[in-house]
Every structure is written in structure tokens, then in C-alpha cells.
């Protein structure tokens, strides 16, 4: 519970209506009940205000309907997230190593962490204060986990990989699996040992079921603040720059370097050994087969500027029509030629 | 073991040949041995009858070869499945909570369930009668599992998610991972807490390694009878209608609503916040970027009616030829113009 | 530690420089320090020799710079892999069944294997000498694992599946999940029991988070020497020929047969019930919807010879331009016709 005034002060917003209103919960605009606060970030949804039962609404300054309790925000979506985070309350208190967790005697686990039952922690592992390992997490030998991390159930981190602070990993993701490297030896393949590591920097989030391969030599790096969705594949020796967003089912091939503040849409992919600049956006299902300059918005396979891609795809659906047109013109041309020859 | 008569009675089929024939096993037509029953659902495979060693064959009424023991069926494929199910025998008897499972004292586990070693069950969890948790299943606090469910090894269900009756989840799938939601805050991203849940209704099957994200607020819903294959991504707040089929490696983006009886082919995908009607088929690798009306069969990216897509892709391979044709015509045109100007 | 002479003898290479040089480690050319050996496999990277601090370099005979300690190799990439393997040392000694592993009393586990804590091994399982199960591996009843296998944390192998010798499976992969088979029964679907198995032959490697479904009846087969990357889907009754390479996020649909020595690029896929010959290459994102003859290099959806695909994709980006060209020609034609009619 918090008053509208407390929430507004917390995020630096203004109020219209009753500052002492008690807020119980954050809810979606169509599911909110009395006592809830909800939000509108886009003025085009303002009509939903008419039917919501929420007691208060976070709105942009361009939407200020009379007769509502409002929290007027410069960035309603961000303030919704901040208020929702506040209403969640603080992280639960650390509970230490719980019965049923198996910890190697050489591991150094902060007393202020929580290690759930079924976790298995190898030799020389370090886990920092405030970190939580949910049931069934496996840390191979020499893994380092920073402070205030959350590793969900079934996460596996292989030997010597290093994870920074405030990193969140959703269930069943794998950090440090072997890169896919084989040297042809006649008709067979010889496995190239993958002896490098993965380094995940601070404030990264990794979705469920994603895989980040260890480097052959050296390291695969996920830069500070990177957000990776579910079922994403990051191959060996990839380097992902700070604050880049990688949406679900993306595949990044080996040794590719991605800049800062990039966005990869769902199911997009890159070939290996490429360099992609800062602030690049690759649209969903885009396929990157060459280096990309900074600040580009690209799409398609072959990759092209997004605007060109939109035009090309529009034409694509009309290909059969285009072919008919060409056939017609061809006949016209032949007739014209005949007539001219005759004439 | 069962007689041909018993099997025919069970599925309501007719018999030609020996009703007292003892059937030992169901087998593929090219692998069957004496004592086996096999099936033919498509008359075009009738030639395989000549070489099979099966003792009996499930056939459609349009295929009734003389000299075989036949089970004549209105729906041979369905009756094959039903007979195979019958020959499997009943579900094994419940064994209760086995040693090596760790169950929170507040959990309410039916005595008629089976909880294998290595399962970890959190506070306030409910598991209904007849349900089986294979080794290493993790249920976070407040999860509810209905009756006769099967959760295979390594499945993770996060806090408060609800699973109906007769639900099957293959190994390593994740239910209730955080949705991928971040609010831009300058150049960085602020995590939006994902406080909703996932609701999986009765008779759903989910493949291996699939991920179904919890809602930001409210719920992600998988409707009754939905079948989801391996490595599928379902984002937060998605709603999937009853009896819809989602094939492997499909990605459904956030807040999209899918109707009943739809089919999504392998590697197809949707953008977020879309509405897709009932009985829609999206062909493999189709990319849905706009709402889709009911009863449509669609394909491609951009998405188009499947028939148009077939034509467009045929033209696609001929693009270089089309360009040559255009160049030829251009030259012809220029020559004609010259001649007319001269003339 | 090894001398340059020892390494050269081991791989059958020649030496230039100091044969008694002590080599401490294998490192990438830009990260190598004194005491390291590195490699150059492609002469185009020879300029990197100028800046490397490595004490010795594996080179092809076409690159023999003076003043360096060289290991001159017929196949530098393969010899790099072999030397790296040698420098890793032998496999750690077997440690037997470690405390915290749960093994059914009917399982037959070689004394010379290593079963880590948190592994759960079912009835009648066999594990051969030299094999290692990392923490949290689950083997259902009747599974057979050969010799010198490595199953990483969280791997699940379901009932009766058989794995050969020297097989490596990265974390969280699933072997033997149910195939995706349902018989329509009116508007609902009836599950077809999947009672077959998966057979994985010798020297196969499977990446992280991949899924290989068991056959409906009979077996899904992964042939000797096949290498499968992360997040790959292999459906029921698929047969993959020896030494085939399947890159990340590929999907192979049910009952498709793939030849030997094929290569499937990332995110490529096949429809079901197809036959693909030996030595076929499918480029990244290729979509196979018909049988493919041996020795073909194919790409695209629709699938076409790779050379044609390159031409078609080049044309694709120019589609809007092509349409403009056609419009221009159409106008020209109409004008010509008018003039001729007038004339």
C-alpha cells in the first residue's frame, strides 16, 4: 500500500486529484479494480479511460481528463515500471545455503546469498552477496557470480565463466557450453577444444532456454546492460556491446562483434566474423551476411535498408502480376515490330 | 496381448479374417513382425501390403485386399492411435512422493500422484491425483497442477502459474519465465516486473525446450487442447485459443491473440499485439505482421494468401530471367523508336 | 608444458627455429603471450604475425616468415586442434558414483565412470567405462550410454534411448522427448503414443538446448560422427547420415532422411517425409520442401541452387526499380502504338 502522493514523489511526477488516495496494486487498464493504479502511455488508448475501474491512472501530460486521480508523468511507461517495482517491495531476505543444496567445500558463498535446494556448486566457485540461486542451478568449477544476481531454476553455468552484478538469468538457460568448432580431417571432423570462457557484465538479463557458448580461446562477452530474450543462440567468441537488445530466437554466429544500443528483432540472425556498428536495428527475421555501418535500420535476407525492404516486399507479392505484365508487353512489342516491318 | 476382435470392438471397426488372432504389438508397416498389427491410412501406400510381415492391418474401407486379417476403419490413423494407446496399458500406479524429492511442508500433494527423486516443490503448491512429476521438476511457490498431468524431467514452472488436467509437458520446458519487458530510461533499460502468471488449460501438450512467458500483469493463456511442439516461444500476455496447433520453433510475440483451431507451421512467427481469427493456418516460416481474418490460409513474409505465395515464390526463382527479359524488351523498344523516328 | 619438437612430432609437422622451445599454452594470435603457441591457417592473416607476442606459430607451408619459431603444417587448423587437445591433458580420472547421485539398484554403472551429484539414473540403465554425467543429468529407465561419453548438466535422456561411444551432449539438451503426433478426432486431437526410441551412434556431438524426438514406432537415428549445434530440433523418425553437420536453430521435420556429409546452415529447415542425398549443403535459412539429389548446394525458400539464389536475391532488392522500369516501358509502348496508328 502507498498513497498517490508517495508514488508521485518517488518518480518525480505531478498529481491531479486526491493525493491521499491509497493504492493497493498496479493493474492493466482493462483488469484494474478499485484501489488499483493503471497507466496510459499512448494517447491513442485514451478511450479506455472511460471503462476502467482503476482508482488512479498514470498519464502523459498530453492526456489529462477531468474527474480522475492522475499521476502526470513525463514518461508514463517508465514510471509504471518504477511504481510496479516499488510496489513489489524489496528483495526477500537472504536465507543462506538451504538444506538440499550441494556446495563444494572450496566454494566461497556469501552469507547474504540464497542457495535453494537442488543447486550444485563446484570447486572454487564464488557467489556474491544478495545473489539467489533457485532450485537446480548448476555451477561448474571456478564460476564467479557477482552481487544481487538471480539465477532461475535449471540454469547451468559451465567452468570458469564470470557473471557480473545484478544479472538475471531465466530458467534453463546455458552459459558456457562448448562452441561449435570442428576441423575437417578427411571425411570426418575433429573436435576443437573450447577452452575460453563467457563473461557476462553487470545488469544483463538473459531469457529462458537461451545458450551462450564459451570462446574457443579468449572470451565470449555480453556487455553491460544487454537484454537477451528466450531461445537465443550466441556462438563462441561473439562480443555484444552495451545496452543491446536481442529478441527471441535470434542466432548470432561465431566471432561476430555487435555494437552498443543495437536491436535485433525476433528470429533475425548473423553470419560469423562480422562487425555490426552501434545503434543498428535489424528487423525481425533479418539475415546479416556483411558488416553493417552504425546507425542503420536494416531488414530482409539479403539484408537491405528497412525502407527499401518495405518496397521490395510490396513488389514481391505482385511478382505474378509483374510477370503477366511483361508477357503482355512482349506480345505488344512483337506485334508492333511486325507492323513496322510490314509497313 | 489382445485379439483382433477385442481391438475392433474397442474402436468400433469391422473385421475381415480371423477375429481370434492374437495381437502382440503395434508396429510400422516396414518393421512389423508376426503377431504385430500395422496400419495403412492412405491408399497410395497399399503396395506396402505386399511386403509387410504384420499379422493384421488397420485399413480404410477403400483398401480391402483379400487374404489379410483386416481391421476396417472409418479413420485408420485415429484407430491406430487408439489401439496403440490401448496396447500401452493403463498409466502406472501412483507411487507417492519418492525418496530424494524435496517438498515444502505447506504443499498439498495428492497421495495418488508420483513425485520422482530430485523434484523440488515450493510452498503452497498443489498437485492433483494421477499426476506424475519426473526427476528434476521444479515447481516454484503457489503453483497448481491439476489431475493426470505428466511433467517430464527438468520442467520448471515458476510462481503461481496454473496448469489444468491431463496436461503433458516434455523435458526442459519452462512455464512462467519473465516476459521480455523493459522501459527505455535514457540510453539504458529499466526492467518491468512481470507479475502476471501463465494459465495452461486442460488437455494441452507442450514439447521439449519450449518457453511460455508469464504476463506483465494478468495472464498468458494456453487454451484447452492446444498442442505446442519443441523449442516454441510464447511471449507475455499471449492468448492461444482452444485446439490450436503450434509446430516447432514458432515464435509468438507479446499480447497477440490467436483463435481456435489454428495451425502455425514450423518457424513461423507473429509480431506483437495482433489478433488472429479462428481456423487460420500460417504456413511454415510465415511471418504475421498484421491481424488475420478467420479461416484464412496464409504464408510468407510479408504474409499473403497461400495460393498467392505459391505463385510469388515460383516467380522469385525466375527473377534474374525476368530482369534479362526486361533488358531485352528495353533494347527492342529503343530500336523501334529509332526506326519510327527515322521512318 | 611441451617442447616445440614434441608438439611437431605429435602431429607430424616440421619445425623452423628452436625445437627445444617450451610451450606453455595455445592462444589466439592477438591474445598470445610469451610461452604461447598460436596459428595462422589462412595466408591472408599473415600480417598479424607482425604484432603477435606468441613464441611459436603453426603455419601452412605457404607462410614461412624468417625469424619466428614455426611449426610448419599441411593442415594448420587441424594441427591447432590436435595440439590444443594434447595440451588439455588426458580426461580426468574416473571418480565413480559421487555422493548425491541417485542410482536405481538395477542400473549397471561402470566403476570407471563418473556420476556427479544430482544425477538421477533409472532402472536397468547401463553406463559404460570412461563416461561422465555432470550434475543433474536424468536418465530414464532402460537408457544405454556407451564408453567415454560426456553428458553435461541438465541433459535428459528418456526411456530406452541408446547412446554410443564418445558422444558429447552439451547442457540441457533433451534426447527422446515425444514426437509431435496427433490424430484429428473431430475438432480435437488424439495423442499418438510415441513408443519408439532415439539411437545416437558413436562420435556424435549435440549442442546445448537441442531436442531429438523419439520415433512414433521404430527409431530416430543420428548417424556416426554427426555434429549438431545448439537449439536444433530433430523430429520423430528422422534419420541423419554419418558425418553430417547441423548448425544452430535448424529444424528437421518428421520422417525426413538426410544423407552423409551434408551441411545444414543456421536456421535452415526441412518439411517432413523428404529424402536428402549425400554431400548436400543447405545454406543458412534454406527451406527444403522437396527431395534433394546428392551433391547439391541449395539455398532459399523456395529452395533453389545456391548460385541461382544469389542471383535471385540480388534481383529482389531491385524489385521496386524493376517495377518502375516496367511502368516506363509500358508508357513507351503505348506512345509507340499511338504514333503507329496515327501514321
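Each chain gets a letter, A, B and C, in the order it is written, and its residues are counted from 1.
We adopt the following convention: a contact is a pair of C-beta atoms (placed from the backbone, for glycine too) under 8 Å apart; a residue touches a chain by one contact, two chains touch by 3 or more.
Remember, predicted model here, so these are calculated numbers, not experimental data.
Leaving out chain B only, the rest of the assembly stays one piece through touching. Although chain A and chain C carry the same sequence, what matters here is overlap: shared residue numbers make up under half of all numbers found at their interface.
Note: centroid distance chain A to chain C, computed from Cα atoms, is 25 Å. For chain B, residues touching at least two other chains, in rising order: 118, 136, 154, 172, 209, 231, 249, 267, 314, 316, 319, 322, 326, 329, 333, 336, 340, 343.
Of all the residues in chain B, the ones that touch chain C in their complex are 26-28, 31, 75, 77-78, 80-82, 84-85, 88, 100, 116-118, 134-136, 152-154, 168, 170-172, 203, 205, 207-209, 225, 227, 229-231, 243, 245, 247-249, 261, 266-267, 284-285, 313-314, 316-317, 319-320, 322-323, 326, 329-330, 333, 336-337, 340, 343. Looking at the complex, you find that chain B touches chain A at residues 102, 118, 120, 136, 138, 140, 154, 156, 158, 172, 174, 177-178, 180-185, 187-193, 195, 209-211, 213, 216-218, 231, 233, 235, 249, 251, 253, 267, 269, 271, 287, 300-302, 304, 308, 311-312, 314-316, 318-319, 322, 325-326, 329, 332-333, 336, 339-340, 343.
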